[in-house]
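Alright, structures below, take your time with them.
Shared between the two complexes below is chain A, which has chain B as its partner in the first and chain C in the second.
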Partner chain A sequence: MNIVVPIKMVPDLVEELVIDASGARLEPDALRLKLNEFDDHAIEQAILLKEKGAGQVSVVAPDIEGVDDALFTAAAKGADRLIKLTGNWNNGVNNHALARVFANFIKTLRPELILTGVQAHNDLDGAVGPQLAEHLGMAYVGYVSGVIISDKAQVRKEFPGGLIAEMQVALPAVLGIQAAEKPPRYVPISKVRAVMKTAKIETFPAMELETAGAPLSVRLFQPETGTRATMLAGDADTVATRLVEIFKERGVL
Partner chain B sequence: MNQDIYVVVEHLREQVMDISYVMLAAARVLAHATGGEVIALLLGHDVATLARDLAADRVLYVEHAAFADFSSDAYQRTLERWLKERMPRAMLFGDTTMGGDVAAWLSTHLALPLVSACRTVRADGGVLKFVSQICGGKLMAEGDLAAPTALVLMVPGGFKPEQGRAAQPPELVRANAPALNDLRVTVKDYVEPAVGDVDVSKETVLVSIGRGIQNQDNVELAEELAKALGGVVAGSRPVIDQGWLAPTRLVGKSGKAVKPKLYLALGVSGAPEHVEAIGDSEMIIAINTDPAAPIFDLAKFGAQIDMLDLLPALTEKVQQAKGLA
Partner chain C sequence: MTIPTMTNPSFNETFYASLQTPPTGERVRTCLQCGMCSGVCPFGYLMDYPPGRMIAALRSEIFDRVMNADTVWMCVACYACTEVCPSGIPLTEKLMTRAKEELILAGKVPAELQLALENSQRYGNVLGQSPRKRADWTKGIQATVPVFGKDKKAAAVLWYVGDYASYHPRVQTTSRALAKILNTLGVDFAILGSDESGDGDSQRLAGERGLFGVLATKNGQAFRKYEFDEVITTDPHAFNALKNVYPTLGISFPVRHYTQFLAERLDQLKPLLKQSVNGKITFHDPCYLGRANNIYDEPRALLRVIPGAELVEMPHSGKTSLCCGGGGGGMWLDGFQWEKAHTRTSEWRIREALMSGATTLAVACPYEPPRFEDAIKTIREASGMEVRDVVELLAESME
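The block that comes next holds the complex of A and B.
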């Protein structure tokens, strides 16, 4: 079986998010990107399926900063093909454009199954998965936390409150992965480095970006901080002493 | 094209989800500006009674056996028709496990603009505006809901569910479903949430751990504190997805909503999916190394220190206070 995993990079939230002068996007120079963590789960789920005997895993990504590391890490985990789509990604891109680019390329791979992160924290125009499914005429199920493949896909879909539905999905299909059956495996840097010497990243040109479908005239701003927490100063010991006082005042202790 | 605002009612196992009432409240704000009506779309099987407290001018009830369970395929096909025929000014969906499977597909299929993570809506001089919360709650995005028809995926927080509940049952209009055979997506069975473990929604003291716990070995430190406080350990999504805590301990969008006397958030950033489930806590105390963590906006007290430094010190002092040590 041919499994394709489209991934995207998102701002690392550990860094401060700086809005640029236009107010419509984040300052590229101040931005550190990392792999969308749900995409990391999608990669893991694809490799778990491969290990159960299901074919080849291709990981596809837009050619932006930091993506080589993400692709080589996927290879170290067991991905077979690493693919970068080159294009004018500099001005940022919305999910409508990204889904069109992915669909246009991925159809040439003729996948039976596409696994991608159910969402990303910077999604402002819906997730990539369902859009990709529409472009390719495939069924879509999101919030998936387990996949079994036969002639159809059997998936576990999460509902609120911990309820899980066991669903049947006709193939080919796109699945939005919430969590892989097992947590994404750890690969040591040394293994990634070794893979970098042998694995090859293939590049293909992306189609022209077509951004229609996302909201227009967007203005970004930092959330207003209403009543912020009263901050307790000092080291761990001082804070712990103060917290015990608060617990007593509030009748917790 | 018309000026009505449509709300796709989310329901699961004969219960209307709170997000549906949140959307009805938002729809009322928009309909007030456009001069249109609020129309609730209820797709279901034998659930007409769910319409009784929906604050809508009218409920369109589409009855079909295919709606007994949620199928993205069945929803997509049905809503596609309503959008094409009615062209409402906006259609609202929950940015949830259900709406998320449907709205983005419709946006692409019908070339309609879509905004997700929408927290509030308002009208500004006749222009309909959205405000979304993205990047784990660290960034807001404001923009226009484009005409003629905008699709909106809504999150809780901007409107209270009570604002979307009606005292009087609304008018109910039955409508036909399109052909829904050969569905590509069907529910075969449900797996109930695990029982036997503690119910975090009923606990009075929760020691909640997030990404800051770093690894599974450290979970024990949180367990010790919880034990000393007479509470239990809960967690946010990353901790559950790593398998460090059982899914029953998940607090947030796809887990439980909680209302403890004390919610001690340790290394929890406060992403919107988590925050929506802890708002009813009597007191939130947040410990995080990131001064910009959104959790500090919700907490009564906070400290910018490493939770792993605090845990042993706090456990010891709590034990001393209780005369245990």
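The block that comes next holds the complex of A and C.
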């Protein structure tokens, strides 16, 4: 089975987020990017399926800073093909454009199953998964935390209130992974280094970015602090007197 | 993940051979099976395969059983076994660490440890903090802490601060104390700031040698950018790495633990110490200062010059010191070890400190203040016990 895992890099929140001079986006130079945590789970789920005999895993990512490390780490875990899509990513990309880029390229791989992170903390315009499924005309199930493959996919999905559903999905399909069946594994640096010497990252040009459909952010700002509480000092009588005055000033009494 | 080595009959052989690298490794063949290593190990009583039994398993060609047990993660790399071995076998450096390396290669890594290793990989510090903020502890303090590259290109002393002393709120106090003392003594020093990475020694002793190599290389590159005569550090693990292991990677710089550096300046230091301490002090020998590097006298010499200091010893002291539980990855396996042992060596140690009659437990390693202060919270009778790094006691006495 041909499994494709589209991944994206997101800002690492260990670093401060800086708003740029335009006031509408994050300063790219201050960003440190990391693999979206849910995509890491999607990779793990794909490798687990491969280890159960489900075939080949291709990981596809936009060619941006830090992505080589993410791809080589995926290869050290067992991914077969590493693919970078080159394009004009410098000004950032919204999920509408990213889903179109992924769909346009991934259809050439003829996947039977697409696993991707169910969400990312920088999803301002919906998740990638459902949009990708729409473009490819495939079924989509999100918030998946377990997959069994036969001629169909049997997926496990958590609902609020402690309910777990198991459902069958006809293939090909896109699954939004919330959690892999096992937590993403640790790969020793020596293994990643060895893979860097042998594995190859393939590059393909991405289609022109089409951002239509997504909202435009006009202003980004830190949460604004409201007026803080005032502590009244003094003995009980003084505090009570002042409290009554304040209530009268505000028209409560 | 599959473990191909488990089914391959030569794994036992290749592993055994890998231990026997000269100059000391071949001593593993001279194991007498006396069991002293297993007896002295703070967690030997609950390991399926303590060091002696591991060697017996190798000789019986059943080492795969050791690899299928997880109790090697109870090893805190404290050197107690190495210290008592009558055959001089490098049990900590070779046997225990190699076994952990094989477990990591096989993907058998406890989750807590995995997070610590991933943090070190990604951020260069085990606490998962922003590398850009490594020198933030110097902000808003009175002492001046120059940074190489920013304030100076050359200094007599490069102070290697380390992960915990840079980021851990409790341990930052020891950094501030050393900054104050270096300023007062007029030492020409600087730190590396965000050029510094974790020393990697505990990651190495937890079995991630590749990660150690990456961190060591980064530090080596940072050291080579500047001019200095020697490195000092408050961290015995960093001291051990820089002194004994970095040179094997071609990264060779003279290094001393701060207790050695300050003990050399006792005459200058003594008149500055004015405030006396109340009650008795006992000193906990850190494994990587004591057993691993034979430094026992300098910290005690520093404590003795503090006015009013009365030094008492715990039942385990010097070469027999009892580990705080933080070494060899133990710092990042607290939950795992608690599940196995339902006790902590740090708690055992606090009871010993109480027995000595001391009210202050003096330490000289960044792992110790948080570990021992946490242990104190679990022992009712210990509520009056204070934990202070030697450098904190010196700085407090200057006030």
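Convention: the second predicted complex is superposed on the first by the 223 of 253 C-alpha atoms of A that agree within 3 Å, B and C clash if a C-alpha of one lies under 4 Å from a C-alpha of the other, contacts with A are read in each partner's own complex, and residues count from 1 in each chain.
By our rule, a residue touches a chain if its C-beta (ideal position, glycine included) is under 8 Å from a C-beta of that chain, and two chains touch if they have at least 3 such contacts.
Bear in mind the structure is a predicted one, so any value in this text is a computation, not a measurement.
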(message) Looking at A:His41 after the superposition, I want to know if it touches chain B, chain C, both of them or none. Which is it: first, second, both, neither?
(response) first
(request) Examine A:Thr108 and indicate which partner it touches, taking first as chain B and second as chain C; both and neither are also allowed. (result) neither
(message) Comparing chain B against chain C, which has contacts with more of the residues in chain A?
(response) B
(request) Considering only the touch criterion stated at the top, classify A:Ala127 as touching first (chain B), second (chain C), both, or neither. (result) first
(message) Between chain B and chain C, whom does A:Tyr186 touch in the aligned arrangement: first, second, both, or neither?
(response) second
(message) Tell me the contact category for A:Ser22 with respect to chain B and chain C: first, second, both or neither.
(response) neither
(request) Kindly classify A:Met231 by the partners it touches after superposition: chain B alone (first), chain C alone (second), both, or neither? (result) first
(message) If we overlay the two complexes on their shared chain A, which of chain B and chain C does A:Thr198 touch? Say first, second, both or neither.
(response) neither
(request) Return first, second, both or neither, reflecting whether A:Val14 touches chain B, chain C, both chains, or no partner chain. (result) both
(message) So in the superposed three-chain picture, is A:Asn88 touching just chain B, just chain C, both, or none of them (first/second/both/neither)?
(response) neither
(request) Would you please give the residues of chain A that touch chain B in one complex and also touch chain C in the other complex? (result) 14, 16, 183
(message) Help me check something: in the complex, which residues belonging to chain B touch chain A?
(response) 12-13, 17, 69-70, 72-73, 96-97, 100-105, 107-109, 111-117, 130, 132-146, 153, 184-194, 205, 229, 238, 240-243, 247-248, 250, 253-256, 261-262, 269, 271, 282-283, 285-287, 290, 292, 294, 296-306, 309-310, 313-314, 316-318, 321-322
(message) Under the stated contact criterion, what part of chain C meets chain A in this complex?
(response) 1-2, 104-105, 107, 109, 111, 114, 117-118, 121-123, 128-130, 132, 208-211, 213-214
(message) Going by the contact rule set out above, which residues of chain A touch chain B in the complex?
(response) 11, 13-14, 16-17, 19, 26, 37, 41, 95-96, 99, 118-119, 121-127, 129-131, 133-135, 139-143, 154, 156-170, 173, 176, 178-179, 182-183, 212-223, 225-233, 235-237, 239-241, 243-244, 246-248, 250-253
(request) Give every residue of chain A touching chain C within the complex, in rising order. (result) 14-16, 34, 51, 183, 185-186, 188-191, 193
